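Following this line, the structures themselves.
Okay, so chain A shows up in both of these, paired with chain B first and chain C after.
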Partner chain A sequence: MVRDPVAYSFTLYVAGPTERSEAARANLRYLCETRVPGCYEIDVVDVTERPELAEEHRVLATPTVIRHTPPPERRVIGDLESQRSVRALGLPDQGGPPQKRQER
Partner chain B sequence: MTDPPPAGGGPGGERGSAQPCRSPGVLFDGHTSVAVVSGAPDGIVAVDEEGVIRLCNPAAAELFGRPATELVGAPFGFPVVAEEAAEIDLVLPSGAARVVDMRVTATNAAGERLHIATLRDVTERRSAERELEAALERQDAVVAVAAHELRGPLAAISVLAHTLRDAGARLTEEQRTDIAERVIERTERLQTLVRRRLTAARIDARATHVAPQPVPVLEFVLERLAELGEHAAQVDVSCPPGAVAYVDRGDFREMLVNYLENAFTYGRPPVGIHVTEPAAHLEVRVRDHGPGVPPDFVPRLFRRFSRAPDAVRNAEGTGLGLWIVRALARAGGGDAWYEPVAAEGGAAFCLRLRRGPPVQEPPEEGRLTPRSDEGSGRC
Partner chain C sequence: MTGIESIRRVPTGISGFDQIALGGLPAGRCALVAGTTGSGKTLFAVEFLARGVQNFDAPGVFVAFEEPPADIRHNVASLGFPITEWEAAGKWTFVDASADIADEAPTIGTYDLGALVARIVHAVRRSGARRVALDSLGEVFSRFSDTGSVRHEMFRIVSALEPLGVTTVLTAERPEEYDGVSRFGVEEFVLDNVIILRNVLRHERRRRTVEIVKFRGAAHRTGEWLFTIGPQEGIVVMPLAFLRPRAQVSTDRVSLGNAVLDRMCGGGVFRDAIALLTGPTGTGKTLTSVFFAAAAVEAGERCLLYTFDETREQLGRTAAGWGIDLDAMEATGLLHVVSEFPEAASPEEHFLRIRRTIDEFAPARVIIDTLSALERIVTSRALLDFVIALGAVLRHGEITTLLTSAPTGRVTPTVTPAIAMEVASLTDVTILLRYAESQGEIQRGIAVLQSRGSDHDHSIRRFTIDSAGMHIGEPMRGPSDVLGSAYGPGGDLPSPVSPGGEGRQQQDRWGPPDPGQSSDD
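And now, the complex of A and B:
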């Protein structure tokens, strides 16, 4: 199967350089690398630096991931470690579930 | 009317029955109150399969800092918790964050699948944990610094005592007297270190209440000079007759002694104690004729554990003396700061004290509360 190079695009909203933010960033990257390698892009928005973006996109809590493409938009909040995250983000259920956080 | 989701503190729910009621447990669907979640202490939001908030209770509105009408219909996101609970940050309208534990269960209500996110505020708990970690780190540093400070004088006393014991018979009377004086000198140094440590601990613990009283300044200063020993002859005092400070005597003694020790350790005699009454306050300046303080070090001068990079190598310094002076001065409604003496060279360490009781006590009055902007210079 040939995928569009950026078939999946996400925005991850975090709050400051905390352990929680780092874990969310690593987990999302791990999910994408194991499910849609090479055809995804992730933008990270720190709401403490860009509060206007949080308001504009009605982000009520962090970490929140918004999947922009493919449509429809999906939004997930909380841990990104479980198999439920894969389903919630609409990622292909292949390549095995993410078990561990990606080591950075 | 929609049946209430059973999870998250319903009438028979475990959480609802075990926790005190913080606010009325009513789930709100944007138009009417649709269910009573009796005694719910946590914020509860019910989201649909699209992650849109369909219901929330007043506690949730309070946690988000937004009215329920704004929350219902808003895209919260599909809540995912890997284990029992996940920690998330709520983004408040002010831009601040509130840390909550989120637990998620699912239920069917009116034929619709709903995911119930129960939110418990743990901001204070997290803040307390961070403060505790910082306090423990500081305590480790304090113990390490104290051990380092005490080791030198103790080792010297040990060597001197062994010399007296093992070679006492071969020593002249003059040599024995010299050794005894050196033991006394190092013991006094240890006493100074311990005294400062205890004062710092008292300030940290905010354990001591300030007991201000009218103190005749000239008499008080002369008493301190009498305790100063041979250094007293190198001190000049100028003080208006009848000058009175409204200050805790113990704190005043600690402040003045620390300034004098600082002058003799890092400055050079002669040392002057100059008291003036410029306005409603009384000011005390301890001046020395040493090299002064490097300008780039002045902002850090009154910070804890702060010592000038070119401080005398063998001077007994804890980096606590000036910090103690400022903390005590501010606790008593005054202040402490440094002034260079450009014309004649040297340094002036200044103290502002009250001359009488304040008209209205501020809320924190009477407790030792060093301000957070230490090192910012004169107020």
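And now, the complex of A and C:
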């Protein structure tokens, strides 16, 4: 499959350098690496430093990840610690290690 | 914690609320305002901010969870506040947290409200806000499954706001009246300051009350206080402005419109007095009211005559029977007669209407005939609140006032109307009209029970009514001669004594005026 280098673009909103922020960042990166390696970009916004961006995008909870491309926009709240994130973010199922059992 | 006195207060500007809060909300803290749907929580939050901008030039941030900013904007504008200008000038900032796309997002794993906190803090810093309102929390917290995280998030919001030096109002839903403080039962443990708004259906009437449940470390008045919501006034907590001290008292005397009655009261009543005239139907309450109005017009003073008993036409005809032309008096512009059906509105609404009329007409005298008509639509406690609230407005304007009230039964003069007994303690002059039995015929008797700050006639005097008005004659003497033996023997102060034991209790409460009363207030 041929993919556009930035077929998947995400903004991850976190609040400060907390454990939860780090977990979300690591989980999102892992998901992308395993599902869409090489054709994603993740922009991390720390809302404590850039509150106006949170305001503009009406983000309440942290972590929140917004998938900008491909459309339509999708949002997922939480640290993405479950494999349900794959579906929620609209990532392809194939690629990466076999993980069929986790679909609950 | 330092002394109670040292806690600085932020006046909300909400009518009457700062009086129960003894100055306002504790400064730099969060206060929880909890209530059921329709209890006025959002209005409280809106007014707290709007009156802050308007009265105290304090910029505000409104965090809208439940209703979108467009709806809140509309509410603020309908109260007459220039919300659009305020937003343009940075005096009012919305943080839009209302349900939208954010609600659609699935949640996976753990999260918190860090972004919300950051947005609020940002808005406060940017606008230099001194007040923040969050309305309402239930909307957001219903997403959290356990109370532990609700508590944690509450703490997070509160602890982010307090260092900024802002005073905050948070609203929260209550599932029902008189059961717990709020939906999640945790907010009251997180917040030091809890206010409950209630909206109860009682005796087929809506009754709104506000109660300060706790103000940690700060004094406040306890119990439920009646309030109403006016389309222009917003929240008005009824009786409280009464507690405002009067800067000065008047020594100027005003005639009641009857020379003998004036003498009985010690030379007329003081200009800032509230007089209560009580007596059964037909003893001369309306008569006295009309003559008082005529005396005002004669003195060149504006007089507002409010009747709940008769239509304007009936009153005109009645007055004409005593040779008084109300139409001519109204034509001078000095008299304004308002006739309303008690049932047409709640007592709180009547209060707001009277207050509005007083503001517009600016009378020097006000007459209300009769308060008892309002008893048909309300509990005595609510009526008492009405009178207290009214008293506040009247005293503030130094308006000479005559209120009338009647016992329920025409020939049961022994029973002093409950309202009169309670109201009497709030008024300055109390005048009693009674039917009396003397020498085989029914006569009328009049007595002045109290006249604060004045010597008054202690006798019960006989009076007659004819086409020229009321004629007060000699004191009644001799043995008890009032139907139902209402008056004590001799010319002493009358006390209502009914045959049963309860009369004795009434006597204690009603009693002769306490000597201390004449000098207070």
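FYI, the second predicted complex is superposed on the first by the 95 of 104 C-alpha atoms of A that agree within 3 Å, B and C clash if a C-alpha of one lies under 4 Å from a C-alpha of the other, contacts with A are read in each partner's own complex, and residues count from 1 in each chain.
By our rule, contacts are C-beta pairs under 8 Å (C-beta built on N, C-alpha and C of every residue); 3 or more make two chains touch, one makes a residue touch a chain.
The structure presented is a predicted model; accordingly, all values stated were derived computationally and were not measured.
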item	value
Clash or fit, chain B versus chain C on superposed chain A	clash
Touching partner for A:68 - first (chain B), second (chain C), both, neither	neither
Chain B versus chain C as contact partner of A:59, first or second or both or neither	both
Steric overlap of chain C with chain B in the superposed model, located at which of 75-83, 93-101 or 219-227	93-101
Common interface residues of chain A - those touching chain B in one complex and chain C in the other	15-16, 20, 47-48, 51, 54-55, 58-64, 74-82, 84-85, 88
In the complex with chain B, residue positions of chain A that touch it	15-16, 20, 47-48, 51, 54-55, 58-66, 74-82, 84-85, 88
Complex contact set, residues of chain C against chain A	95-97, 100-102, 104-119, 121-123, 140
Residues of chain A that touch chain C when the two form their complex	13-16, 18, 20, 23-24, 27, 47-48, 51-52, 54-55, 58-64, 73-82, 84-85, 88
Chain A-touching residues of chain B, taken from the complex the two chains share	51, 64, 66, 71, 74-83, 86-91, 93, 95, 97, 100, 102, 104
